[in-house]
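Questions regarding the structure given below will be posed in turn.
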Amino acid sequence: MLDRLYQKVILEHNKAPNNFGSMADATHSARGTDALCGDDIQMWLRVTERTIEKAQFSGEACAVTKACASMLTEWLEGRGVDEILPAFEAFQALMDDADRPPVEALGQLNHLRSVGAFPARRANAYLPWKTVLEAMQIPSGLT
Amino acid sequence: MLDRLYQKVILEHNKAPNNFGSMADATHSARGTDALCGDDIQMWLRVTERTIEKAQFSGEACAVTKACASMLTEWLEGRGVDEILPAFEAFQALMDDADRPPVEALGQLNHLRSVGAFPARRANAYLPWKTVLEAMQIPSGLT
Amino acid sequence: MTAERADKDVRGLDVEAIRREFPILQRRVHDKPLVYLDNAATCQRPRQVIEAIDGYYRDYNANVHRGVHQLSVEASEAFEAARAGLARFLNAPSDREIVFTRGVTESVNLVANSFVRPTLSAGDEILITHMEHHANLVPWQMLCEHTGATLKVIPMDGNGELLLDQVSELINERTKLVGVVHVSNALGTVNPVADICQIAKDRGVPVLVDGAQATPHLNVDVQALNCDFYCVSGHKMYGPTGIGALWARAAHLEAMPPWQGGGEMIEHVTLDKTTFNEIPHKFEAGTPHIAGAIGLKAAIDFLDDWGIEAIAEHEQRLLAYTTERLSAFEGLRIIGQARAKGPVVSFVMEGAHANDIGTIVDHFGVALRTGHHCAMPAMQFFDVPATARVSFAAYNTLEEVEAFVAALERAQGMLKQ
Amino acid sequence: MTAERADKDVRGLDVEAIRREFPILQRRVHDKPLVYLDNAATCQRPRQVIEAIDGYYRDYNANVHRGVHQLSVEASEAFEAARAGLARFLNAPSDREIVFTRGVTESVNLVANSFVRPTLSAGDEILITHMEHHANLVPWQMLCEHTGATLKVIPMDGNGELLLDQVSELINERTKLVGVVHVSNALGTVNPVADICQIAKDRGVPVLVDGAQATPHLNVDVQALNCDFYCVSGHKMYGPTGIGALWARAAHLEAMPPWQGGGEMIEHVTLDKTTFNEIPHKFEAGTPHIAGAIGLKAAIDFLDDWGIEAIAEHEQRLLAYTTERLSAFEGLRIIGQARAKGPVVSFVMEGAHANDIGTIVDHFGVALRTGHHCAMPAMQFFDVPATARVSFAAYNTLEEVEAFVAALERAQGMLKQ
């Protein structure tokens, strides 16, 4: 179980995250913190006509958050703004049910489903998502 | 045990207390209440040159309080004001130690020692004393 | 669930089976079997509550909400499951609307300090009833004293029923809150809370309900009542001491500033500025009474297992029987004769002070309560210094009522001597 | 007491015997023996505490202070005996100076609202330290925000020691209270509380001490410290959840208005006017956490039985050994290196977030805490987002430290991959 959480792909995203660094020409940005565990990230988006051209993140966080932010920024590029919330909902459903088959549309974010077995860590996997939704001012209904 | 608490002499004082009623020419008076159990008495004293000429009580109270007030008012008559606190201390000591021999000076108040075995009722036996001390403005150190 | 229990609806409550769940009922007092009729003060705890507390301490004791380790995860889940259980029990729309407190007293103080106080000014009014427990009276008095607001009171009649027709006159544009006890601990009266809420809500006035004596005996549905705040004490409903809750509408909780400050209730703290956590955590400063919440959940399960309607039916039978038996006593007066009553009988007896009654029946094993029951204004209304009170729970029996009546006869005889 | 225990002073603490007193230590986590190193968050409970709670519920459960019946008398006596036990444990001059609360958080809020708030004006100052737990920070922030008073801070150095020489400058005629944590839960620092009290008392300023992490590890003597308020949490000192206390000088308690209103804290109530009970009851509104107080008394007995000095000596050995073992880790930095420390080691490790460390070692059975430990300003001072923290109790062993070190090596290896 532990090996699935700290599997190679997640650890690699943690050590060498993609799209890491702040973005000078972002159109949207938000800060996401999880004071409890010390995560403090900023998600950066450049959006043109409701399409995400580029996504980045910066800040400090644990492996789960960093891996998720790294994968999510990759996933976001080229997506429509309206795809985010449904994808997040599918992502949450994955966490809640270990038996659910991978969701193709989520791509490599499927790797993070192993977080579902670690209730204390789910908030980490959700933080990049929630921060993006906040940057785009999309109400997530998640508390 | 119960029979000793509700012994004849106590029940008689309860039913037909001595010195019952308010006193028009009292020099000292105080109200004593025990809100918890509903006792609400007034102790009345007529004092001349630090001698208690007459003591009375009025109000509503349980058998223990009434019997004590009745006996205490009898005891007080003719006593010096300075005798009250030492007598009360002897009375308390009686309550704390069932094996202690009766204290002659307390007279019939010795009957009340059986209250000592009923921790929830001690406050009743102390109330008339405390009220007299308050009427005389003698600090009792008892809370 | 055993077959015995499953058919409880057909043949009523299996009281003997319930009694076996309460270890304390084996106890003897002054060499007599314990007859515990002081349930309105605090009731006894069934095995499953005691074992839930025990189980937490033996198996997964840890602090909640802040840990990644296994024990902490288990403790947090159990703690939040307790919140969810209580929400469901009260039919609250959301778990987020349950704030854990020490009991009704703290719940009322929380509402007084956090909801009412910030907007209360001199001349404003708080409306309560003449039969409130001090818990739903003193906090308002203190607040009124502090702000110059006025405490007004819904009167009652000689049976201990509220004069409902006066409520709408008593509410005006200065009324900031109506506070009402659901079931009076001193008189037994079950108040028409839904009606009062309707009147108040028509005028836009929020209503707080003191549910201390309701949750063990009634099916409480905060949405059906349409109140704004509902206060609960665990120890009155078979749960542990030191735990209770406030249910409040989420919109109120969100608008309310926090009351106590500390860990858990914050989101982010610097020396200069602090942001607060989401509801309900914003109101739960410090380490909560984790074992208490878990025990309370077990108490709710107990009530659900046996069925609160079946319990209430049984208790009403005890109430009716006791009322009838007491009416045979010379000089005995029942204080509180409302048509709808919880299983509480308060009484006074000529020539026998409540305190003496209490002491004497105790020596026959009967535990009842004497005094003002923390409802002194109600005592003043009935012009009695104190009453003796018997109050019932699921495990009481008609035989116990008989034992009490016999002991009371002895008390009367003894004091008459 | 067995012979084994009697000679504890000669040959140190019999840790194996202590371990047998803690049922939870039999537990396995992720198929490994539980290594519980999260004691600063909440420690485990010995059998005698669990049984004291159990015993109350099984044998003499009743409400306190208001009953004449036997159970109520027994419960009241046990409850008041707990108060007396705690008074003695803290060397308080009088039982009347012990107010039961839910824990340190509520104790501080009580002092903030009842002692400080009534006299606090804009421009006044409260002085705390940079290493306070949120419990002794947020209530003062809220109060300052409300009144326009200013919160000032005693700074610390890079080891986590207070700059004592700055204290007298920081105190002035506007300082209304000094608040200081006795032992820091985040850094381990044992603060020179007696010295701070001396400086403050010379200037006539009262001092509140947060004793959450002190009572399980130090012999606390409030008279020797010469403080004004001392705050305690039961669950940090082997006691139950939901119970704690405030010790305060009687003169302060007498001068303070009540904070929460309700039953128990009143003497006489009418609809127009209420008079309050004596101390400490004036501050204990509502039904208290009776089982909690009784359990806390058992925890004090536990500490007395084994001897707090012997326990502390053992814990200091664990602290020294852990500090040494951790110094061998590459990229590991211990946060908080004061000369006098409680048994707490906070650390960060390069390339390994505290949260990930926590999750990984948990899978080897090791429970430690990660995060800000409710001391965010201290985290900000050391410029770390979070730390991992191990903290010890009487039942921990050197073998457990080894198990933790081995698990930490695995975590470091895993995250480095």
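By letter and in written order, the chains are A, B, C and D; residue numbering begins at 1 in each of them.
Convention: contacts are C-beta pairs under 8 Å (C-beta built on N, C-alpha and C of every residue); 3 or more make two chains touch, one makes a residue touch a chain.
Please read all numbers here as calculations on a predicted model, not as lab measurements.
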Between subunit A and subunit B, which partner chains are common? C, D
In terms of C-beta pairs in contact, which of B-C and A-C ranks higher? B-C
Please name the chain that ends up farthest from subunit C once chain centres are defined by their CA atoms averaged. A
Can you check how far apart subunit A and subunit D are, centre to centre, with Cα atoms defining each centre and the answer in Å? 38
Whole-Å distance, C-alpha centre of subunit A to that of subunit C, is 46
Which integer distance in Å separates the CA centroid of subunit C from that of subunit D? 31
Spell out, as numbers or ranges, the residues of subunit A touching 2 or more other chains. 35-37, 118, 120-121
Residue list for subunit D, restricted to those that touch at least two other chains: 66-69, 72, 266, 268-269, 355, 359, 370-371, 376
For a test of understanding, state which residues of subunit B touch subunit D in their complex under the given definition. 33, 35-37, 118-121, 143
Note which residues of subunit C are touching subunit B in the complex, please. 351, 353-356, 359-360, 363, 370-372, 376, 379, 384-386, 414-415, 417
Subunit D partner contacts - residues on subunit A that touch it in the complex: 1-2, 5-6, 8, 11, 14-15, 35-40, 60-64, 118, 120-121, 124
Which positions of subunit C touch subunit A when the two form their complex? 65-69, 72-73, 76-77, 96, 266-269, 278
Subunit D contacts subunit C in the complex at 23-24, 27, 29-30, 34, 36, 38, 41-42, 44-45, 49-50, 53-54, 57-63, 66-72, 102-106, 108-109, 112, 130, 133-135, 137-142, 151, 153, 233, 235, 240-243, 258, 260-266, 268-271, 273-274, 285-292, 355, 358-359, 362, 366-371, 374, 376-377, 380
